[in-house]
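Note that subunit A is present in both complexes that follow, paired respectively with subunit B and with subunit C.
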Partner chain A sequence: MKGQIFEVMGFVMLAIAIIAVIILLRTTSIGSFGKTILTLAERHEREGVSAGANALFSMTESKSGKSLQELVGIAAYIGNDTIDFGPSISYVDVPQEITWRLDALYGKDHWYMRVPYPKIEAAIQIIFIQDTSSSLCDDVENLRKVLPGLISDLRAAGKRVTATIYLLEGGSPCCGIGSNPSQPYVISCDKFPQSQYLRCSNIGGLQCEDKRRGDPSEDWGHGTACAIEAGPIEGWQKFSVRVVIPISDEVPEGSECGLDTGNPRCCASTPSSYVEQHNSLLRGIEVAKKNGVFAFPIKADPGSGCCPSCSNCDAKCNICVIWQGQTYHDFTQLQCQCSGLVTQYMTEMATATGGQMYDLSKGSDLASALKDVIEKVTPERTGALEAGNRAGYEIAQRTKNIRAVNFPVPVAVAGVYTTANIYEWA
Partner chain B sequence: MKGIAYATIVIIALIGVLMVSVWSYNNLSSGTQFAGTISNVGPKDIAITRLETAKRFLSQDLSYSTQSASLEVAANGGSQASRTFWYCNNEPVPPESNEVHFSMSNTSNVYLQTYFKGLKDSQIAQLGVTASPYQCNGIYDYGKDACNQRSSQGCESFKSTATQGGVITVTSPASVTYSGDLAVDNTNNRFWWIYYRLYDDTKNNLPVRVIFSSIRDQCTSPTSMPQKIEVAIQNVCKHYEELFKEDPQYVKCSYEIKCLDTANPVACLNTPCQKSTFADNLCYEKTSASGLKTNVFDSLGGKIVSAQTGSSLGGVLVNFKLTDNKFNIPSSKGLQPLVWSFWDSFDVTRQECRPID
Partner chain C sequence: MKGQMSYILKPISLVMTIALLLFLYSSISESIAKERQASKTLNLISTSTNILLILANSEDCLAYRSPATDGLYANIVDVTKLKQMASDFKNIEPPCARNYNFGWRATVVEINQDPQTPSKIWSFGAKNFSTGPAFKNDINTSMPIAIRYSDKDVIPGNIYIYLVNGELENIAGALDWSCDLFRNGRLNATSFGIHTSFPLSYYKSTNELCSGTKQKSCRVMSCPLAIKDIKAPGDYVWTISYLQGSLVVK
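This part shows the complex of A and B:
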């Protein structure tokens, strides 16, 4: 009996000892082993994705000889997935180049890549060439009211816009304009509240080869050439979008033809009489094209808006001019008759430089015209480079274990980086 | 007795179990140590991966910087000044190779420094990666012999390096440091091909010969002298396109006459265009790394020139632009073709008319 008790006790002790050893091993070593194996497995998977992404960025695209990293950086700068490397290499479609490579590495439809493009806002530099003849007084007053607020609003919205107004020399005072209509209104830079983003200067102070001819206050052809050559007051920036906006209601050098004969008239029917005026326009176009400047001429109302027939006009269509100390209320019939030619000239300049002409006499609003200009010249950019299976990624986010890696990518503009996000799932 | 015998067996078995347990534990604990080692290596692996990533994107920064510099230096005519004269009053004064290398080295380093500044605001800083800037960029082209060929095939790329600095430190999840130079190949860029071809052409005085020949050819032409000079300048442009003749023709020439005076030729020739001998050392060839602080164009000198009175038909100051449309180069300026822009001042002198048969 005693022996049996010893026997049972012995087996019980043995069982307890074995269980204790097993628990000890389970809690100490094997548990940590399990965790380690799990950690290692996860790390292997993540490192696999990471290695794939590293490999991708080091691969070279055959046509351009550029690494995928460089291609992504260039695409991020230009804000476009397709890169034009010139006639020798032609276009490279970056998402396409990424897709077939990552399909091979991760498996088709088992990955998604997104590279947000940085917000690179090109500086937009605008030069206004302002006709200073008395018929433009109301337009200058309008510009004075509209421009400072517009620049502030655009800058607050993140647009890097600056404007320089160059006033053509000469011009007569006018009347009936501004806060005190009884006082002569002289077009000058004092009218504009200047800031580091909005400046004004007289064009006569510029050193340039192109001198204004004819009526200098209206020679916006040579004026455009001169202002572009001199650049805005802060100087042309290297990567800026450049815009020139001549504002006038006459052809360059003035719409009058036959002044020397004592019979001033509009020569719309005889274009050859306008050789000088057209040469002035061509000079402006030439310099604008050479300097990569978009021209958006604004045609002020020469009276045709108020009086389409340009004759027997209502007195309300008159402009108030001060000439040699005397006040006159005149209708500029000749300028009115030349309205069509002004449109033609301004359209020619706009078309040649990739811009657009705005006709204020047809009800265009100055503020909306300027906003439209900014919108047109702002380079279009897509938000991000995307490749792979986006829909699959969105489903996998809810149902599967996704492995993600992030890589910094230098952008082709100095000092800017973005991040490539790559997701892979089984 | 029987119970004791049983007890002995159990005790022996117990001792056996204990021994096995100790042996197993010993084995397992050494395994655990290995597992621990593997686990500890993990953060270091990640840090090293980040280091490699940092090296890769810094190399890319170097490539972008060099490409940007090539566009900028070419637009300046081979120097850091806004305009570089290749002819000064009929005398060829193109920038020497070491001067162009110097400008490229400095300009690309300026761009590279901008990239290093940008690191602080990027995701890279959040990854625990910091890098100290490189102080010197090296520029290595294939040399005059390879580049001064009719075909650009052997000279469509060049190498650049970044040295003197660049300690990359990763602090998270482990601390790893790398100190080393970077080197990249800048492909699809014919900067040096155009430079060496143009340099050789200028040194051989071919554009001046074209002008004189053109004036001679127009000897009996009724056109005015300014028109004749403009035709001569047009012919120089044609000559440049011929110099880079290919099929299809990628290099286009344009010009802008900045000053043309036949009544008083000196008016156009009094431009400071003489240069003193370039004496600065390249930071990557000699120990002197004065590059970033020295403005090579402080040495630009001016002198009053006088036209060859009596024989001078006119003075002309002209800005030539050679645009290479073969490749668009990625840079801080966007994707742009390479444009070499340089200035020449010519004193157009009277030429003997060709004999008429």
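This part shows the complex of A and C:
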């Protein structure tokens, strides 16, 4: 009986062993097949994500013709997702351009992209258009005192500011100004301590289409157009913040036009009679807008600050002028009466270009006005370019298998690199 | 009584043991067959990825080479090459990405921001594939690319591939493989076994090998063939030689 029991048990054990071997074989085989298929599918997905990233950065945006890699690089340089390419191309919204492409390649809501922006201070290039008529001598002297120190301080604080002063041609010497008031004061570039960041030049030396008309020393409308076309002495940098600051106390081409003929027209007459002055202004605005330049005109005191009524003020508001070798103490009533129109014109230019007008005759301080300009034009930088489904990415990070691709992006203008991090999930 | 029990149990045990061993043998055989099939499926997935990468990244296929930098750009497809390929390889896989185990057809589709704008499509590769019992498995997959018209016009696209594992693809692949080796002088003669579920016929005028009875699937061959039609399904062993630019199949 024992022998039979052992015999049956032996058979049962053999059967169990064989069944175990079969189960083991199948489990191992299925497990290994499953793993391999997952690995291969994963490889395909990874290659797809890399291919998508490579392809994306080579694609071009239709308006600017630039590749997405260039656009991300420019956005990283200016620290803004939207790039302004001027009036002909207009704005390019970089995340939007990335979004529709990656939605098509990876599927909507299945990806997220982040490009940290490097810390780059935007270059701010300022051009001053300086009226050189004798009534501006005190303002030029003031600019001479304020500007070099201001530029040095701003640069020491990390701001990449440069300034070019273009002096309008002509202008009479004045007196009673500067360290030696008895000597004639001639507005010239010698007044300014020039450096790599502060330069001065006479506008007459520039090659430009716009010639100054009327009184050339006061035609800051055409002068602005000419200076912008020529650019600052170091040239316009790519994607710099561009600022033009005309400084004058008269309308473009002068407020006293027609005075020599005994028939003063300009602002003292009907607007149609001073259309040329307005055209000069419009030309300045047109060129500024075309070149993406902000205008911050500074209105010097045309006498109205000293004499609001503009009449019977000669004694207290006289300007010392040297003309044809003779010294005159002069107050121009016509110029004073044009104060409102000067304000109107300067405001028109500022509004059209996104800038602001400063009225020094109303107590604005030149130094604080210039600091204010710098503050206003310094672009606000965002920390990073982001596109895609960030919320989905944060959830997928915890629950799903995410594929990540890092792509170097050159910030060509600054000579540095940043990295585009692209995440994709099923 | 004890002895009688032993006489009954021993043969029963023997029969059961033999039955178990036979079951074990059949299971192992089945596993091996399944593994072979699985390996083909895995190979299909892997091959689809490889072919897509070759198409998009090889200069011999579609990849754009910049004359300025003399460099290739990953996943940037040159539209000139794309047009040429779609015109030259309407019915056959281009040699730059030929696979001798599978047949495939690729389609490149342009992506537009405006879904209303009709997309441009280019297609190339094998025209038709094994069907019915001759068909084993297939895969349909894609990869993102950029299509380059000019420096300032590079647009998004997808390249899709339909890859098929079937008898016609295996047979034609083996013949094309032999053809390429013969042409390069690396083979004198070869032989291999084939299995076909349909009759096979060769059309000299179009240089096509076709499988099927009424609805035939045909493939353009790399070399002209000197071959007798196979009229019945089954297993065959072919001996291949090369004579005056043609494959002689016996």
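Simple rule for what comes next: the second predicted complex is superposed on the first by the 254 of 426 C-alpha atoms of A that agree within 3 Å, B and C clash if a C-alpha of one lies under 4 Å from a C-alpha of the other, contacts with A are read in each partner's own complex, and residues count from 1 in each chain.
Please note the rule applied: a contact is a pair of C-beta atoms (placed from the backbone, for glycine too) under 8 Å apart; a residue touches a chain by one contact, two chains touch by 3 or more.
Since the model is a prediction, treat every value here as computed from it, not as a measurement.
Chemist: Is A:47 touching anything from subunit B or subunit C once the two structures are fitted on A? First, second, both or neither.
Modeler: Once the two structures are laid over each other on A, A:47 reaches both partners.
Chemist: After the superposition on A, what does A:104 contact: first (subunit B), second (subunit C), both or neither?
Modeler: Touch status of A:104: second partner only.
Chemist: A:77 in the overlay: touching subunit B, subunit C, both, or neither? Say first, second, both or neither.
Modeler: In the superposition, A:77 touches subunit B alone.
Chemist: May I ask you to decide whether A:86 touches subunit B, subunit C, both, or neither, giving the answer as first, second, both or neither?
Modeler: In the superposed model, A:86 contacts subunit B only, not subunit C.
Chemist: Looking at A:290 after the superposition, I want to know if it touches subunit B, subunit C, both of them or none. Which is it: first, second, both, neither?
Modeler: Only subunit B is touched by A:290; subunit C is not.
Chemist: Which chain, subunit B or subunit C, ends up touching more residues of subunit A in the combined arrangement?
Modeler: Greater contact footprint in residues on subunit A: B.
Chemist: For A:5, select first, second, both or neither according to whether it touches subunit B, subunit C, the two together, or no partner.
Modeler: Touch partner of A:5: subunit B, not subunit C.
Chemist: Examine A:67 and indicate which partner it touches, taking first as subunit B and second as subunit C; both and neither are also allowed.
Modeler: both
Chemist: Have a look at where A:410 lands relative to subunit B and subunit C in the superposition and call it first, second, both or neither.
Modeler: first
Chemist: What is the contact status of A:18 with respect to subunit B (first) and subunit C (second): first, second, both, or neither?
Modeler: both
Chemist: On subunit A, which stretch or stretches are contacted by subunit B in one complex as well as by subunit C in the other?
Modeler: Residues 3-4, 7, 10-11, 14, 18, 21, 25, 29, 33, 36, 40, 43, 47, 50, 54, 58, 65-67 of subunit A touch both subunit B and subunit C.
Chemist: Which of the residues in subunit A end up touching subunit B in this complex?
Modeler: 2-7, 9-11, 13-14, 17-18, 21, 24-25, 28-30, 32-33, 36, 39-40, 43, 47, 50, 54, 57-58, 64-67, 69-70, 73-74, 77-78, 83-89, 238-239, 290, 406-410, 412-417, 419
Chemist: Residue numbers of subunit A touching subunit C in their complex, please.
Modeler: Going through subunit A, the ones touching subunit C are 1, 3-4, 7-8, 10-11, 14-15, 18, 21-22, 25-26, 29, 33, 36-37, 40-41, 43-44, 47-48, 50-52, 54-56, 58-60, 62, 65-67, 100-101, 104-106.
Chemist: Hey, which residues of subunit C end up touching subunit A in the complex?
Modeler: Subunit C residues touching subunit A: 2, 5-6, 9-10, 13, 16-17, 20-21, 23-24, 27-28, 31, 34-35, 38, 41-42, 45-46, 48-49, 52-53, 56, 73-76, 111, 113, 141-146, 148, 151-158.
Chemist: In the complex, go through subunit B and note every residue touching subunit A.
Modeler: 1-7, 9-11, 13-14, 17-18, 20-21, 24-25, 28-29, 31-32, 35-36, 38-39, 42, 45, 49, 52-53, 56-57, 60-61, 63-65, 68, 111, 114-115, 117-119, 122-124, 127, 157, 187-188, 248, 250, 256, 325-328, 330-335, 337
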